[in-house]
Amino acid sequence: MTVQTRSLPAPLYAARNIVTFLLRQPTSAFGLIVLAILIGAAALAPWIATHDPYVQNLGNVLQPPGNGHLFGTDELGRDIFSRLIWGARITLTIIFLVTIVVGPLGMIVGTVAGYFGGKVDLVMMRITDIFLSFPSLILSLAFVAALGPSLNNAIIAIGLTAWPPIARLARAETMTFRNADYIAAARLQGASSLRIIVKSIMPMCLPSVVIRLTLNMATVILTAAGLGFLGLGAQPPLPEWGAMIATGRRYMIDSWWLVTFPGLSILCVSLAFNLLGDGLRDALDPKQMNRR
Amino acid sequence: MSVRRTRLRGILGQITTIAVTLLGLLMLTFVIGRMMPADPVRAIVGEDATRETYEQVYLQLGLDRPLWEQFLRYLGDVLTGDFGNSIRTGKPVIEDILHVMPATVELATFAILIGAGLGIPLGVIAAVNKDRWPDHVVRVFSLFGHSMPIFWTGMIALIVFYAALGWVGGSGRMSQFYIGMVPTRSGFLLIDSALAGQWDVFRSAVNHLILPASLLGYSSSAYITRMTRSFMLDQLGQEYMTTARVKGLSKGQTIWRHAFGNIRVQLVTIVALAYGSLLEGAVLIETVFAWPGFGQYLTNNLIIGDMNAVMTCVLIVGVIFIGLNLLSDILYRLFDPRTK
Amino acid sequence: MQDAILDVKNLSIRYNGASEDAVRGVSFTLGRERLGIVGESGSGKSTVGRALLRLLPGARVTADRLRFEDVDLLDLSEREMLKVRGRRMSMILQDPKFSLNPIQRVGAQVAETYLRHFPANKAEARAKTLEMLAAVRIRDPERVHDLYPHEISGGMGQRVMIAMMLLADPDLVIADEPTSALDVTVRLQVLNILDGLVRDRGIGLIMISHDLNLVRNFCDRVLIMYAGRVVETLDARDMDAAEHPYTRGLLAAQPRIGGTRGPLAVLDRRPEWKEGSTP
């Protein structure tokens, strides 16, 4: 056992420690489990789903849960359970795409501003502040309005509004080791600024950026669902959870299941990320842990 | 002398910062406006205008000019208070927005009172009982508020408290029955109905306000709770807390008279910021509750693609945010003796 | 010894989650005298002070006897304890920069002690406060009364602290490193003020410090603590007759004007001192 542990590369070993820590607390364990279910559902959607999420059955609309439909059917006779399962894929896509837009974007702006300092820093941070002076949903709304409503545009809009906190963080991190000896050594060896930023600074920022992204993911999910609800995100017939709530709204008084289950799904996933983020903060912030 | 000079420089620096941020804001809204797919000329002249009319309006709007010139023109218009006209109503956009704003302010103000009234005591309780069960309960409760999709919670709450239990009013600011009964003076329904002595309307307005305001307040209390807890934890470890205990004060007295006094200013700051982000929740909650406010105005115009209206809305939110930041800064200076 | 104010027998303290006691089997009595407790950081001297005031929430305190005048500190309810703290027993903390509430005027903070323990209105409390500020030789009490802690110097802050802690006329004052955060130039001044007040009012004083020379000049008796234990108790004037090697080590580690110019002795720390109290 010990030998096996030792043979793990350091980052994996650290990751395992973190997961162990998270599983020990009931709240963050809940987060991890929900996330695992989400990924499982998305990956195995064709096998888990009991029906085709798109096939309408007008003879079987607004059926309450039961009768072969676990969560009932919607206004077009589609099976809600199956739509939720396929919707997990959309949620994961959003998470994935937003991460790969926001991570690098925030990191580049932050490290460049922090590394060069002076005027570059001033200009870049001013831009960051301008983006930060909006609530993210409002700015996303504006971007979607400009780009046209669709799932992809919603993702782009969320990406465009979610990078400033990451940039702030990466900048602060960069400032702390900008003057470190090993950076000076790299500079003395004649490494270009680009090389130093990419090879020496970015890897150092990576862990905290990853944590911050996890923490922000709950907001991202809620914003995406909100856009879907307003009809500015995923368009019908895509089984996006927010959009499902929007269409179910008309029938909610008589057919509660139309809005209840998609809403619970959103709540679970965003709660999972929040609990996970909370746990991660405890796991990785020694100051927080030792504080009496 | 030198103190006055540094303070003057500080104020000047702040004014420059605000001016630059505002300029950037305008640039952003301008770019977004230009990116919008809707054709601004078509929006004015209509679908079946002649080619000449189209050309004429096109030139009138200065769309043939280089982009920077268009921006300067936009800047000039905005600075003189001209935000363009709404396509739907034909009235100046700013007039429309000022008309719907009171409804949102009323909602947001009630929400922040609930949010702060809930979040601050919970945060203090959590901090004082750190890592014991009250702390865990508060944490889960507030994370829950932070995680719920507010448009969905709004619907569920409507089903439960309005449709099933009948405890509160449904959509809108008051019952259909009362609409038009109270003359609009301030735009704040509670104030207007009280001024007019229409207590039925007042009661109806409160009935309709309570649910959306509670939901918004609950969702914003998550942030307030978290920050209160962390501010409070910082103070609880301070040496002056020991001093107060040595003087013979009880634990509760020490917390409320000494520690709370020290986080008061920070709390004002974050409550101001939370107030700003309520606008975000307001967009969604107003849609669910058919609340005729700013959020509904924004979403309606987004859907029909009214560029002027959307740009102005976004601009106003930005200005409100900057204003709240500035306000919290000023409050900080006013209330914290250390900054004098 | 005339009437004992404090009687401590076999006091042990363990912080929650710690594997060994921070204070082990400490015993001493205190009359209307000035007692010094000396030791290096981590020796448990401050912990003893806080345990007497029952201000150690995260620790378990046990003792055969912990008597303060007519009360048993071990089984006094928290409610009763509130009447003891500040009124009959108080403590001067180390650094006025941190031990004064930064957002309250110093006068209000001093007056709070009075208002807490005596039925008085604001004006009476203010008069008492000004009187006390004058007693700690603050030249312009009216002005200082309305200042905030960041507006006064460290020495002034510590005098305010003394005023606050002596205002209710306690029988015992614990001074926890009262001057180590101050400039060397004002240390003696502050100590002289404290010393004068303690003598005039017949207050029992426990002075906790790491500075043996300072303590021997201001105290009648000195306890030397090492690793949570009292290793030696001495009258201040017999300090040079100290027997325990640790005390001798402490004395030898002090530079002296006119002493030899050779390197100072390095303090010896033997594990066996942790166990027995005599060498």
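Observations on the structure shown:
Note that the chains are named A, B and C in the order they appear, and that numbering of residues resets to 1 at the start of each chain.
By definition in this document, contacts are C-beta pairs under 8 Å (C-beta built on N, C-alpha and C of every residue); 3 or more make two chains touch, one makes a residue touch a chain.
All figures in this text were calculated on a predicted structure; none of them were measured in a lab.
Taken as a contact graph, the chains are arranged in an open line, each linked only to its neighbours along the path. Ranking all chains by how far their C-alpha centres lie from the centre of chain A, first place goes to C.
Among all pairs of chains, A-B has the largest number of C-beta pairs in contact. Each chain gets one centre point, the mean of its Cα atoms, and the points for chain A and chain B are 24 Å apart.
Once the centre of each chain is set as its mean CA position, chain B and chain C turn out to be 52 Å apart. Centre-to-centre separation between chain A and chain C, using Cα means, comes to 54 Å. Within chain A, residues 292 each touch two or more of the remaining chains. Note for the complex: chain C touches chain B at residues 53, 55, 78, 82-87, 90-91, 93-95, 98-104, 109, 112-113, 116-117, 148, 150, 161, 164-165, 168. Looking at the complex, you find that chain B touches chain A at residues 20-21, 24-25, 28-29, 32-33, 35-37, 130, 136, 139-140, 143-144, 146-149, 151-153, 155-156, 158-159, 163, 233, 237, 276-277, 279-280, 283-284, 287-288, 298-299, 302-303, 305, 310-311, 313-314, 317-318, 321-322, 325.
Chain A contributes residues 27, 126-127, 129-131, 133-139, 141-148, 218, 222, 225-226, 229-232, 242, 245, 249, 252-253, 256, 259-260, 262-263, 266-267, 270-271, 273-275, 278, 291-292 to its touches with chain B in the complex.
Chain B contributes residues 238-240, 242-250, 258, 261-262, 336-338 to its touches with chain C in the complex.
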